[in-house]
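Taking it in order: structure first as C-alpha coordinates, then the write-up.
Every chain is named by a letter (A, B, C and D) in the order it is written, and numbering of its residues begins at 1.
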(Lines give C-alpha, C1' and ligand atoms only; values in the text may rest on other atoms or scores of the structure.)
Protein backbone atom coordinates (compact mmCIF):
# COMPACT_ATOMS: atom_id res chain seq x y z
CA UNK A 1 0.00 0.00 0.00
CA UNK A 2 1.61 3.18 -1.21
CA UNK A 3 0.58 6.69 -0.22
CA UNK A 4 1.45 9.05 -3.07
CA UNK A 5 -0.13 12.22 -1.66
CA UNK A 6 0.10 13.23 1.98
CA UNK A 7 -2.10 15.72 3.86
CA UNK A 8 -0.09 18.70 2.62
CA UNK A 9 -0.23 17.58 -1.00
CA UNK A 10 -3.99 16.92 -0.79
CA UNK A 11 -4.64 20.32 0.78
CA UNK A 12 -2.66 22.00 -2.00
CA UNK A 13 -4.65 20.03 -4.57
CA UNK A 14 -7.94 21.24 -3.03
CA UNK A 15 -6.70 24.82 -3.03
CA UNK A 16 -5.72 24.64 -6.68
CA UNK A 17 -8.63 22.68 -8.15
CA UNK A 18 -11.63 23.27 -5.87
CA UNK A 19 -11.61 27.06 -5.85
CA UNK A 20 -13.55 28.75 -3.10
CA UNK A 21 -14.96 25.47 -1.77
CA UNK A 22 -11.44 24.48 -0.74
CA UNK A 23 -11.59 26.85 2.21
CA UNK A 24 -14.41 24.75 3.67
CA UNK A 25 -12.09 21.80 4.14
CA UNK A 26 -8.90 21.06 6.06
CA UNK A 27 -7.03 17.78 5.51
CA UNK A 28 -6.15 16.66 9.02
CA UNK A 29 -4.59 13.32 8.17
CA UNK A 30 -3.75 11.24 5.09
CA UNK A 31 -1.86 8.02 5.68
CA UNK A 32 -1.93 4.31 4.97
CA UNK A 33 -5.21 3.81 6.83
CA UNK A 34 -7.19 6.65 5.27
CA UNK A 35 -8.01 10.33 5.42
CA UNK A 36 -9.47 12.62 8.08
CA UNK A 37 -11.11 15.72 6.65
CA UNK A 38 -12.51 18.66 8.61
CA UNK A 39 -15.50 20.69 7.51
CA UNK A 40 -15.00 24.21 8.81
CA UNK A 41 -18.65 24.73 9.60
CA UNK A 42 -19.95 28.15 8.57
CA UNK A 43 -23.39 29.71 8.27
CA UNK A 44 -23.82 28.45 4.71
CA UNK A 45 -23.59 24.82 5.92
CA UNK A 46 -26.40 25.11 8.43
CA UNK A 47 -30.07 24.34 8.10
CA UNK A 48 -32.75 26.18 10.05
CA UNK A 49 -32.12 25.24 13.68
CA UNK A 50 -28.37 25.59 13.44
CA UNK A 51 -27.17 22.06 12.71
CA UNK A 52 -25.16 21.07 9.66
CA UNK A 53 -27.36 20.36 6.63
CA UNK A 54 -27.63 17.05 4.79
CA UNK A 55 -26.03 18.40 1.60
CA UNK A 56 -23.07 19.72 3.62
CA UNK A 57 -22.62 16.29 5.23
CA UNK A 58 -22.91 14.61 1.85
CA UNK A 59 -20.31 16.99 0.43
CA UNK A 60 -17.92 16.32 3.29
CA UNK A 61 -18.19 12.54 2.88
CA UNK A 62 -17.80 12.80 -0.88
CA UNK A 63 -14.68 14.99 -0.77
CA UNK A 64 -13.14 12.83 2.00
CA UNK A 65 -13.51 9.71 -0.15
CA UNK A 66 -12.20 11.52 -3.21
CA UNK A 67 -9.07 12.51 -1.29
CA UNK A 68 -8.69 8.98 0.08
CA UNK A 69 -8.51 7.80 -3.54
CA UNK A 70 -6.16 10.55 -4.76
CA UNK A 71 -3.93 9.75 -1.78
CA UNK A 72 -3.31 6.41 -3.52
CA UNK A 73 -3.38 7.25 -7.23
CA UNK A 74 -2.24 10.85 -7.32
CA UNK A 75 -3.82 14.02 -8.71
CA UNK A 76 -3.97 12.85 -12.30
CA UNK A 77 -7.29 11.05 -12.25
CA UNK A 78 -10.73 12.42 -12.93
CA UNK A 79 -12.65 10.07 -10.67
CA UNK A 80 -16.42 10.63 -10.42
CA UNK A 81 -18.87 9.51 -7.75
CA UNK A 82 -21.26 6.88 -9.09
CA UNK A 83 -23.03 5.84 -5.88
CA UNK A 84 -23.44 7.06 -2.32
CA UNK A 85 -25.49 5.33 0.37
CA UNK A 86 -25.70 7.42 3.50
CA UNK A 87 -27.23 6.89 6.94
CA UNK A 88 -28.02 9.96 9.02
CA UNK A 89 -27.93 8.75 12.61
CA UNK A 90 -27.67 11.68 14.98
CA UNK A 91 -28.10 15.41 14.83
CA UNK A 92 -24.67 17.06 14.55
CA UNK A 93 -23.76 19.17 17.54
CA UNK A 94 -24.30 22.88 16.98
CA UNK A 95 -21.30 25.18 16.96
CA UNK A 96 -18.54 22.68 16.26
CA UNK A 97 -16.83 21.41 13.11
CA UNK A 98 -17.52 18.05 11.50
CA UNK A 99 -14.76 15.48 10.97
CA UNK A 100 -14.88 12.75 8.33
CA UNK A 101 -12.86 9.55 8.59
CA UNK A 102 -12.60 7.90 5.18
CA UNK A 103 -11.10 4.53 4.37
CA UNK A 104 -10.71 2.79 1.05
CA UNK A 105 -11.98 -0.80 0.92
CA UNK A 106 -11.23 -1.47 -2.72
CA UNK A 107 -9.09 0.29 -5.28
CA UNK A 108 -9.70 -1.48 -8.57
CA UNK A 109 -8.77 -0.50 -12.08
CA UNK A 110 -12.24 0.84 -12.77
CA UNK A 111 -14.02 1.23 -9.42
CA UNK A 112 -12.95 2.42 -5.98
CA UNK A 113 -15.15 1.67 -2.96
CA UNK A 114 -14.85 2.99 0.55
CA UNK A 115 -16.76 4.18 3.56
CA UNK A 116 -16.81 7.28 5.72
CA UNK A 117 -17.83 8.03 9.30
CA UNK A 118 -18.75 11.60 10.26
CA UNK A 119 -18.32 12.93 13.79
CA UNK A 120 -19.04 16.23 15.48
CA UNK A 121 -15.67 17.42 16.76
CA UNK A 122 -15.15 16.04 20.24
CA UNK A 123 -17.96 13.51 19.84
CA UNK A 124 -17.43 9.76 20.09
CA UNK A 125 -20.54 8.55 18.31
CA UNK A 126 -20.87 9.01 14.54
CA UNK A 127 -23.52 11.43 13.26
CA UNK A 128 -23.57 9.78 9.84
CA UNK A 129 -21.98 7.08 7.75
CA UNK A 130 -21.62 6.72 4.00
CA UNK A 131 -20.53 4.07 1.52
CA UNK A 132 -19.27 5.54 -1.73
CA UNK A 133 -18.22 4.24 -5.13
CA UNK A 134 -16.08 6.17 -7.57
CA UNK A 135 -15.49 5.32 -11.21
CA UNK A 136 -11.83 5.61 -12.18
CA UNK A 137 -11.32 6.79 -15.75
CA UNK A 138 -9.45 4.52 -18.14
CA UNK A 139 -5.88 5.61 -18.56
CA UNK B 1 -54.85 8.92 -1.12
CA UNK B 2 -55.32 12.46 0.10
CA UNK B 3 -53.22 15.45 -0.92
CA UNK B 4 -53.31 17.99 1.92
CA UNK B 5 -50.79 20.48 0.48
CA UNK B 6 -50.70 21.47 -3.18
CA UNK B 7 -47.85 23.14 -5.06
CA UNK B 8 -48.80 26.61 -3.85
CA UNK B 9 -49.00 25.53 -0.21
CA UNK B 10 -45.66 23.70 -0.43
CA UNK B 11 -43.97 26.71 -2.01
CA UNK B 12 -45.30 28.95 0.76
CA UNK B 13 -44.04 26.44 3.34
CA UNK B 14 -40.56 26.54 1.80
CA UNK B 15 -40.59 30.33 1.77
CA UNK B 16 -41.56 30.48 5.44
CA UNK B 17 -39.42 27.71 6.92
CA UNK B 18 -36.40 27.31 4.63
CA UNK B 19 -35.22 30.90 4.61
CA UNK B 20 -32.83 31.86 1.89
CA UNK B 21 -32.56 28.32 0.53
CA UNK B 22 -36.22 28.51 -0.50
CA UNK B 23 -35.32 30.68 -3.46
CA UNK B 24 -33.32 27.80 -4.90
CA UNK B 25 -36.46 25.72 -5.37
CA UNK B 26 -39.71 26.02 -7.29
CA UNK B 27 -42.51 23.51 -6.74
CA UNK B 28 -43.72 22.72 -10.23
CA UNK B 29 -46.27 20.05 -9.37
CA UNK B 30 -47.71 18.36 -6.28
CA UNK B 31 -50.53 15.91 -6.84
CA UNK B 32 -51.64 12.37 -6.11
CA UNK B 33 -48.69 10.85 -7.96
CA UNK B 34 -45.92 12.93 -6.41
CA UNK B 35 -43.95 16.14 -6.58
CA UNK B 36 -41.85 17.83 -9.26
CA UNK B 37 -39.31 20.25 -7.85
CA UNK B 38 -37.06 22.60 -9.82
CA UNK B 39 -33.57 23.58 -8.72
CA UNK B 40 -32.94 27.06 -10.04
CA UNK B 41 -29.31 26.41 -10.83
CA UNK B 42 -26.99 29.23 -9.82
CA UNK B 43 -23.24 29.62 -9.54
CA UNK B 44 -23.23 28.30 -5.96
CA UNK B 45 -24.59 24.92 -7.15
CA UNK B 46 -21.83 24.31 -9.66
CA UNK B 47 -18.59 22.42 -9.34
CA UNK B 48 -15.47 23.28 -11.27
CA UNK B 49 -16.37 22.57 -14.91
CA UNK B 50 -19.80 24.11 -14.69
CA UNK B 51 -22.06 21.15 -13.94
CA UNK B 52 -24.29 20.86 -10.88
CA UNK B 53 -22.41 19.52 -7.85
CA UNK B 54 -23.20 16.30 -5.99
CA UNK B 55 -24.29 18.10 -2.82
CA UNK B 56 -26.68 20.28 -4.83
CA UNK B 57 -28.20 17.16 -6.43
CA UNK B 58 -28.46 15.49 -3.03
CA UNK B 59 -30.17 18.58 -1.62
CA UNK B 60 -32.64 18.69 -4.49
CA UNK B 61 -33.59 15.02 -4.06
CA UNK B 62 -33.87 15.42 -0.30
CA UNK B 63 -36.14 18.47 -0.43
CA UNK B 64 -38.27 16.91 -3.18
CA UNK B 65 -38.93 13.84 -1.03
CA UNK B 66 -39.60 15.99 2.02
CA UNK B 67 -42.25 17.91 0.10
CA UNK B 68 -43.73 14.67 -1.25
CA UNK B 69 -44.27 13.63 2.39
CA UNK B 70 -45.63 16.99 3.59
CA UNK B 71 -48.00 16.92 0.61
CA UNK B 72 -49.63 13.98 2.37
CA UNK B 73 -49.29 14.75 6.08
CA UNK B 74 -49.23 18.55 6.14
CA UNK B 75 -46.71 21.03 7.49
CA UNK B 76 -46.94 19.93 11.11
CA UNK B 77 -44.38 17.15 11.06
CA UNK B 78 -40.69 17.36 11.73
CA UNK B 79 -39.61 14.51 9.49
CA UNK B 80 -35.87 13.85 9.23
CA UNK B 81 -33.89 12.00 6.57
CA UNK B 82 -32.46 8.75 7.93
CA UNK B 83 -31.13 7.19 4.73
CA UNK B 84 -30.34 8.19 1.16
CA UNK B 85 -28.95 5.90 -1.52
CA UNK B 86 -28.10 7.79 -4.66
CA UNK B 87 -26.82 6.78 -8.09
CA UNK B 88 -25.10 9.43 -10.19
CA UNK B 89 -25.56 8.27 -13.77
CA UNK B 90 -24.89 11.12 -16.15
CA UNK B 91 -23.29 14.53 -16.01
CA UNK B 92 -26.02 17.19 -15.74
CA UNK B 93 -26.22 19.46 -18.75
CA UNK B 94 -24.53 22.83 -18.19
CA UNK B 95 -26.65 25.96 -18.19
CA UNK B 96 -30.06 24.46 -17.48
CA UNK B 97 -32.09 23.82 -14.33
CA UNK B 98 -32.50 20.41 -12.72
CA UNK B 99 -35.92 18.85 -12.17
CA UNK B 100 -36.66 16.23 -9.52
CA UNK B 101 -39.60 13.85 -9.75
CA UNK B 102 -40.37 12.38 -6.35
CA UNK B 103 -42.87 9.68 -5.52
CA UNK B 104 -43.77 8.17 -2.18
CA UNK B 105 -43.71 4.37 -2.04
CA UNK B 106 -44.63 3.98 1.61
CA UNK B 107 -46.08 6.33 4.17
CA UNK B 108 -46.07 4.48 7.47
CA UNK B 109 -46.62 5.75 10.96
CA UNK B 110 -42.91 5.89 11.64
CA UNK B 111 -41.11 5.68 8.30
CA UNK B 112 -41.75 7.13 4.86
CA UNK B 113 -39.91 5.72 1.83
CA UNK B 114 -39.77 7.03 -1.69
CA UNK B 115 -37.60 7.56 -4.71
CA UNK B 116 -36.57 10.46 -6.88
CA UNK B 117 -35.36 10.82 -10.45
CA UNK B 118 -33.36 13.91 -11.43
CA UNK B 119 -33.36 15.28 -14.98
CA UNK B 120 -31.64 18.19 -16.67
CA UNK B 121 -34.45 20.38 -17.98
CA UNK B 122 -35.36 19.22 -21.46
CA UNK B 123 -33.50 15.93 -21.04
CA UNK B 124 -35.18 12.55 -21.28
CA UNK B 125 -32.63 10.41 -19.46
CA UNK B 126 -32.18 10.77 -15.70
CA UNK B 127 -28.90 12.21 -14.43
CA UNK B 128 -29.37 10.65 -10.99
CA UNK B 129 -31.75 8.60 -8.89
CA UNK B 130 -32.18 8.41 -5.16
CA UNK B 131 -34.05 6.25 -2.67
CA UNK B 132 -34.77 8.08 0.58
CA UNK B 133 -36.19 7.19 3.98
CA UNK B 134 -37.59 9.72 6.41
CA UNK B 135 -38.43 9.12 10.06
CA UNK B 136 -41.80 10.56 11.03
CA UNK B 137 -41.90 11.85 14.60
CA UNK B 138 -44.37 10.30 17.03
CA UNK B 139 -47.40 12.51 17.46
CA UNK C 1 -33.70 1.30 -27.77
CA UNK C 2 -33.24 -2.23 -29.02
CA UNK C 3 -34.46 -5.36 -27.26
CA UNK C 4 -32.20 -8.23 -28.26
CA UNK C 5 -33.65 -10.92 -25.96
CA UNK C 6 -37.37 -11.32 -25.36
CA UNK C 7 -39.05 -13.18 -22.49
CA UNK C 8 -38.67 -16.57 -24.16
CA UNK C 9 -34.97 -16.03 -24.87
CA UNK C 10 -34.32 -14.85 -21.31
CA UNK C 11 -36.15 -17.84 -19.83
CA UNK C 12 -34.10 -20.19 -22.00
CA UNK C 13 -30.93 -18.40 -20.87
CA UNK C 14 -31.89 -18.90 -17.20
CA UNK C 15 -32.63 -22.56 -17.81
CA UNK C 16 -29.27 -23.11 -19.45
CA UNK C 17 -26.98 -21.03 -17.23
CA UNK C 18 -28.64 -20.84 -13.83
CA UNK C 19 -29.15 -24.55 -13.23
CA UNK C 20 -31.60 -25.51 -10.55
CA UNK C 21 -32.22 -21.90 -9.47
CA UNK C 22 -33.83 -21.24 -12.87
CA UNK C 23 -36.97 -23.07 -11.78
CA UNK C 24 -37.53 -20.42 -9.12
CA UNK C 25 -38.07 -17.76 -11.76
CA UNK C 26 -40.50 -17.14 -14.62
CA UNK C 27 -39.91 -14.28 -17.05
CA UNK C 28 -43.36 -12.74 -17.45
CA UNK C 29 -42.42 -9.82 -19.67
CA UNK C 30 -39.32 -8.38 -21.38
CA UNK C 31 -39.85 -5.38 -23.63
CA UNK C 32 -38.66 -1.85 -24.29
CA UNK C 33 -39.73 -0.64 -20.84
CA UNK C 34 -38.19 -3.41 -18.74
CA UNK C 35 -38.63 -6.89 -17.33
CA UNK C 36 -41.21 -8.48 -15.05
CA UNK C 37 -39.91 -11.54 -13.23
CA UNK C 38 -41.90 -13.93 -11.05
CA UNK C 39 -40.48 -15.68 -8.01
CA UNK C 40 -42.32 -18.98 -7.70
CA UNK C 41 -42.39 -18.88 -3.93
CA UNK C 42 -41.58 -22.22 -2.30
CA UNK C 43 -40.80 -23.32 1.25
CA UNK C 44 -37.08 -22.61 0.77
CA UNK C 45 -37.82 -18.90 0.20
CA UNK C 46 -39.71 -18.42 3.46
CA UNK C 47 -38.56 -17.24 6.82
CA UNK C 48 -40.13 -18.34 10.09
CA UNK C 49 -43.66 -16.92 9.98
CA UNK C 50 -44.26 -17.80 6.36
CA UNK C 51 -43.29 -14.64 4.49
CA UNK C 52 -40.63 -14.43 1.82
CA UNK C 53 -37.15 -13.94 3.28
CA UNK C 54 -34.88 -10.96 2.68
CA UNK C 55 -32.29 -13.00 0.75
CA UNK C 56 -35.03 -14.37 -1.54
CA UNK C 57 -36.24 -10.81 -2.23
CA UNK C 58 -32.68 -9.68 -2.85
CA UNK C 59 -32.14 -12.59 -5.25
CA UNK C 60 -35.32 -11.77 -7.14
CA UNK C 61 -34.37 -8.10 -7.55
CA UNK C 62 -30.84 -9.03 -8.59
CA UNK C 63 -31.89 -11.54 -11.25
CA UNK C 64 -34.60 -9.21 -12.57
CA UNK C 65 -32.04 -6.44 -13.11
CA UNK C 66 -29.59 -8.89 -14.66
CA UNK C 67 -32.21 -9.95 -17.19
CA UNK C 68 -33.15 -6.32 -17.86
CA UNK C 69 -29.52 -5.78 -18.90
CA UNK C 70 -29.18 -8.97 -20.97
CA UNK C 71 -32.43 -8.01 -22.72
CA UNK C 72 -30.43 -5.10 -24.16
CA UNK C 73 -26.93 -6.50 -24.64
CA UNK C 74 -27.57 -10.20 -25.20
CA UNK C 75 -26.32 -13.31 -23.41
CA UNK C 76 -22.65 -12.74 -24.09
CA UNK C 77 -21.80 -10.53 -21.14
CA UNK C 78 -20.58 -11.53 -17.72
CA UNK C 79 -22.07 -8.60 -15.82
CA UNK C 80 -21.62 -8.63 -12.04
CA UNK C 81 -23.54 -6.78 -9.34
CA UNK C 82 -21.39 -4.10 -7.70
CA UNK C 83 -24.01 -2.34 -5.57
CA UNK C 84 -27.52 -2.91 -4.32
CA UNK C 85 -29.49 -0.52 -2.10
CA UNK C 86 -32.76 -2.04 -0.99
CA UNK C 87 -35.70 -0.75 1.04
CA UNK C 88 -37.98 -3.30 2.68
CA UNK C 89 -41.29 -1.53 3.07
CA UNK C 90 -44.04 -4.07 3.73
CA UNK C 91 -44.28 -7.68 4.73
CA UNK C 92 -44.93 -9.79 1.61
CA UNK C 93 -48.33 -11.49 1.61
CA UNK C 94 -48.13 -15.14 2.63
CA UNK C 95 -49.02 -17.80 0.10
CA UNK C 96 -48.59 -15.82 -3.12
CA UNK C 97 -45.74 -15.32 -5.58
CA UNK C 98 -43.61 -12.19 -5.74
CA UNK C 99 -43.32 -10.13 -8.92
CA UNK C 100 -40.36 -7.87 -9.74
CA UNK C 101 -40.62 -4.96 -12.17
CA UNK C 102 -37.15 -3.94 -13.32
CA UNK C 103 -36.23 -0.97 -15.47
CA UNK C 104 -32.85 0.14 -16.74
CA UNK C 105 -32.00 3.79 -16.10
CA UNK C 106 -28.52 3.76 -17.61
CA UNK C 107 -26.69 1.35 -19.86
CA UNK C 108 -23.16 2.61 -20.14
CA UNK C 109 -20.08 0.95 -21.54
CA UNK C 110 -18.87 0.02 -18.09
CA UNK C 111 -21.80 0.40 -15.68
CA UNK C 112 -25.51 -0.34 -15.90
CA UNK C 113 -27.90 1.15 -13.34
CA UNK C 114 -31.54 0.41 -12.76
CA UNK C 115 -34.23 -0.04 -10.17
CA UNK C 116 -36.72 -2.70 -9.23
CA UNK C 117 -40.07 -2.71 -7.44
CA UNK C 118 -41.29 -5.93 -5.80
CA UNK C 119 -44.98 -6.70 -5.36
CA UNK C 120 -46.89 -9.58 -3.83
CA UNK C 121 -49.00 -10.98 -6.65
CA UNK C 122 -52.31 -9.13 -6.73
CA UNK C 123 -51.00 -6.36 -4.48
CA UNK C 124 -50.85 -2.73 -5.57
CA UNK C 125 -48.31 -1.40 -3.07
CA UNK C 126 -44.66 -2.42 -3.38
CA UNK C 127 -43.18 -4.63 -0.66
CA UNK C 128 -39.63 -3.57 -1.52
CA UNK C 129 -37.59 -1.48 -3.89
CA UNK C 130 -33.99 -1.80 -4.97
CA UNK C 131 -31.46 0.26 -6.90
CA UNK C 132 -28.75 -1.88 -8.49
CA UNK C 133 -25.51 -1.28 -10.35
CA UNK C 134 -23.85 -3.86 -12.55
CA UNK C 135 -20.32 -3.69 -13.93
CA UNK C 136 -20.17 -4.61 -17.60
CA UNK C 137 -16.96 -6.41 -18.55
CA UNK C 138 -14.73 -4.82 -21.15
CA UNK C 139 -15.18 -6.47 -24.52
CA UNK D 1 -22.45 -0.38 26.66
CA UNK D 2 -24.01 -3.58 27.92
CA UNK D 3 -23.85 -6.94 26.17
CA UNK D 4 -26.91 -8.95 27.19
CA UNK D 5 -26.38 -11.96 24.89
CA UNK D 6 -22.99 -13.55 24.30
CA UNK D 7 -21.98 -15.84 21.43
CA UNK D 8 -23.42 -18.93 23.13
CA UNK D 9 -26.74 -17.24 23.83
CA UNK D 10 -26.99 -15.94 20.27
CA UNK D 11 -26.21 -19.35 18.81
CA UNK D 12 -28.90 -20.92 21.00
CA UNK D 13 -31.34 -18.21 19.83
CA UNK D 14 -30.58 -19.01 16.19
CA UNK D 15 -31.06 -22.71 16.81
CA UNK D 16 -34.41 -22.17 18.47
CA UNK D 17 -35.92 -19.48 16.23
CA UNK D 18 -34.29 -19.84 12.81
CA UNK D 19 -34.98 -23.53 12.23
CA UNK D 20 -32.96 -25.24 9.57
CA UNK D 21 -31.23 -22.02 8.48
CA UNK D 22 -29.49 -21.89 11.86
CA UNK D 23 -27.10 -24.62 10.79
CA UNK D 24 -25.72 -22.29 8.11
CA UNK D 25 -24.37 -19.94 10.74
CA UNK D 26 -21.87 -20.11 13.59
CA UNK D 27 -21.51 -17.20 16.01
CA UNK D 28 -17.74 -16.82 16.41
CA UNK D 29 -17.72 -13.74 18.60
CA UNK D 30 -20.19 -11.39 20.30
CA UNK D 31 -18.73 -8.71 22.54
CA UNK D 32 -18.74 -4.98 23.19
CA UNK D 33 -17.35 -4.19 19.74
CA UNK D 34 -19.70 -6.34 17.66
CA UNK D 35 -20.37 -9.79 16.25
CA UNK D 36 -18.43 -12.13 13.99
CA UNK D 37 -20.65 -14.61 12.18
CA UNK D 38 -19.52 -17.52 10.00
CA UNK D 39 -21.42 -18.75 6.98
CA UNK D 40 -20.74 -22.46 6.68
CA UNK D 41 -20.62 -22.42 2.92
CA UNK D 42 -22.46 -25.34 1.31
CA UNK D 43 -23.57 -26.15 -2.23
CA UNK D 44 -26.87 -24.29 -1.75
CA UNK D 45 -24.98 -21.01 -1.21
CA UNK D 46 -23.04 -21.16 -4.45
CA UNK D 47 -23.77 -19.70 -7.85
CA UNK D 48 -22.63 -21.26 -11.09
CA UNK D 49 -18.83 -21.03 -10.99
CA UNK D 50 -18.54 -22.06 -7.36
CA UNK D 51 -18.42 -18.73 -5.52
CA UNK D 52 -20.89 -17.68 -2.85
CA UNK D 53 -24.04 -16.11 -4.32
CA UNK D 54 -25.24 -12.56 -3.75
CA UNK D 55 -28.33 -13.66 -1.81
CA UNK D 56 -26.17 -15.81 0.49
CA UNK D 57 -23.89 -12.82 1.18
CA UNK D 58 -26.91 -10.60 1.78
CA UNK D 59 -28.34 -13.18 4.19
CA UNK D 60 -25.06 -13.42 6.08
CA UNK D 61 -24.80 -9.63 6.48
CA UNK D 62 -28.44 -9.37 7.51
CA UNK D 63 -28.25 -12.08 10.18
CA UNK D 64 -24.93 -10.72 11.49
CA UNK D 65 -26.48 -7.28 12.02
CA UNK D 66 -29.59 -8.82 13.59
CA UNK D 67 -27.43 -10.64 16.12
CA UNK D 68 -25.39 -7.49 16.79
CA UNK D 69 -28.66 -5.83 17.81
CA UNK D 70 -29.99 -8.73 19.89
CA UNK D 71 -26.62 -8.83 21.63
CA UNK D 72 -27.59 -5.44 23.06
CA UNK D 73 -31.36 -5.65 23.54
CA UNK D 74 -31.92 -9.35 24.12
CA UNK D 75 -34.09 -11.91 22.34
CA UNK D 76 -37.41 -10.22 23.05
CA UNK D 77 -37.53 -7.86 20.09
CA UNK D 78 -38.95 -8.47 16.66
CA UNK D 79 -36.64 -6.16 14.76
CA UNK D 80 -37.06 -6.04 10.96
CA UNK D 81 -34.65 -4.91 8.25
CA UNK D 82 -35.82 -1.72 6.59
CA UNK D 83 -32.79 -0.88 4.46
CA UNK D 84 -29.63 -2.54 3.20
CA UNK D 85 -27.02 -0.91 0.99
CA UNK D 86 -24.40 -3.39 -0.12
CA UNK D 87 -21.21 -3.12 -2.15
CA UNK D 88 -19.87 -6.27 -3.78
CA UNK D 89 -16.16 -5.66 -4.17
CA UNK D 90 -14.36 -8.92 -4.80
CA UNK D 91 -15.27 -12.44 -5.78
CA UNK D 92 -15.33 -14.64 -2.66
CA UNK D 93 -12.66 -17.32 -2.65
CA UNK D 94 -14.00 -20.73 -3.65
CA UNK D 95 -13.98 -23.52 -1.10
CA UNK D 96 -13.76 -21.49 2.10
CA UNK D 97 -16.32 -20.10 4.55
CA UNK D 98 -17.35 -16.45 4.70
CA UNK D 99 -16.97 -14.38 7.87
CA UNK D 100 -19.04 -11.30 8.67
CA UNK D 101 -17.89 -8.61 11.08
CA UNK D 102 -20.85 -6.54 12.22
CA UNK D 103 -20.78 -3.41 14.35
CA UNK D 104 -23.62 -1.28 15.61
CA UNK D 105 -23.27 2.46 14.96
CA UNK D 106 -26.58 3.54 16.47
CA UNK D 107 -29.06 1.84 18.74
CA UNK D 108 -32.03 4.18 19.02
CA UNK D 109 -35.46 3.59 20.42
CA UNK D 110 -36.89 3.04 16.96
CA UNK D 111 -34.00 2.48 14.57
CA UNK D 112 -30.73 0.59 14.78
CA UNK D 113 -27.99 1.24 12.21
CA UNK D 114 -24.77 -0.63 11.65
CA UNK D 115 -22.37 -1.92 9.06
CA UNK D 116 -20.85 -5.24 8.13
CA UNK D 117 -17.68 -6.33 6.35
CA UNK D 118 -17.56 -9.77 4.73
CA UNK D 119 -14.30 -11.69 4.30
CA UNK D 120 -13.40 -15.03 2.79
CA UNK D 121 -11.85 -17.00 5.61
CA UNK D 122 -8.12 -16.32 5.68
CA UNK D 123 -8.48 -13.28 3.42
CA UNK D 124 -7.47 -9.78 4.50
CA UNK D 125 -9.45 -7.74 1.99
CA UNK D 126 -13.24 -7.53 2.30
CA UNK D 127 -15.33 -9.18 -0.42
CA UNK D 128 -18.37 -7.04 0.42
CA UNK D 129 -19.64 -4.37 2.77
CA UNK D 130 -23.15 -3.53 3.86
CA UNK D 131 -24.91 -0.77 5.78
CA UNK D 132 -28.14 -1.94 7.39
CA UNK D 133 -31.03 -0.32 9.23
CA UNK D 134 -33.43 -2.23 11.45
CA UNK D 135 -36.73 -0.94 12.83
CA UNK D 136 -37.15 -1.75 16.51
CA UNK D 137 -40.77 -2.42 17.47
CA UNK D 138 -42.38 -0.18 20.06
CA UNK D 139 -42.48 -1.86 23.44
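The definition used in the following text is that a contact is a pair of C-beta atoms (placed from the backbone, for glycine too) under 8 Å apart; a residue touches a chain by one contact, two chains touch by 3 or more.
Computed from a predicted model, the values in this text were never measured in an experiment.
Student: Which chains sit in contact with both members of the pair chain B and chain D?
Tutor: A, C
Student: Can we say the copies chain A and chain B touch using the same residue numbers, with more than half in common, or are the two sides different?
Tutor: same
Student: Farthest from chain C by Cα centre, which chain is it? Let me know.
Tutor: A
Student: Please report how many Å separate the Cα centroid of chain A from that of chain B, as a whole number.
Tutor: Centre separation, chain A to chain B: 24 Å.
Student: Roughly how many whole angstrom separate the Cα centroids of chain A and chain D?
Tutor: 28
Student: Spell out, as numbers or ranges, the residues of chain A touching 2 or more other chains.
Tutor: Residues 82-83, 85, 87, 89, 133 of chain A each touch two or more of the other chains.
Student: Within their complex, state which residues of chain B touch chain C.
Tutor: Those residues of chain B that touch chain C are 85, 87, 89-90, 105-106, 108, 113, 115, 117, 125-126, 129, 131, 133.
Student: So in the complex, which bits of chain A are touching chain C?
Tutor: Chain A residues touching chain C: 82-83, 85, 110-111, 133, 135.
Student: Tell me, which parts of chain A touch chain B in their complex?
Tutor: 17-19, 21, 47-48, 53-56, 58-59, 62, 80-89
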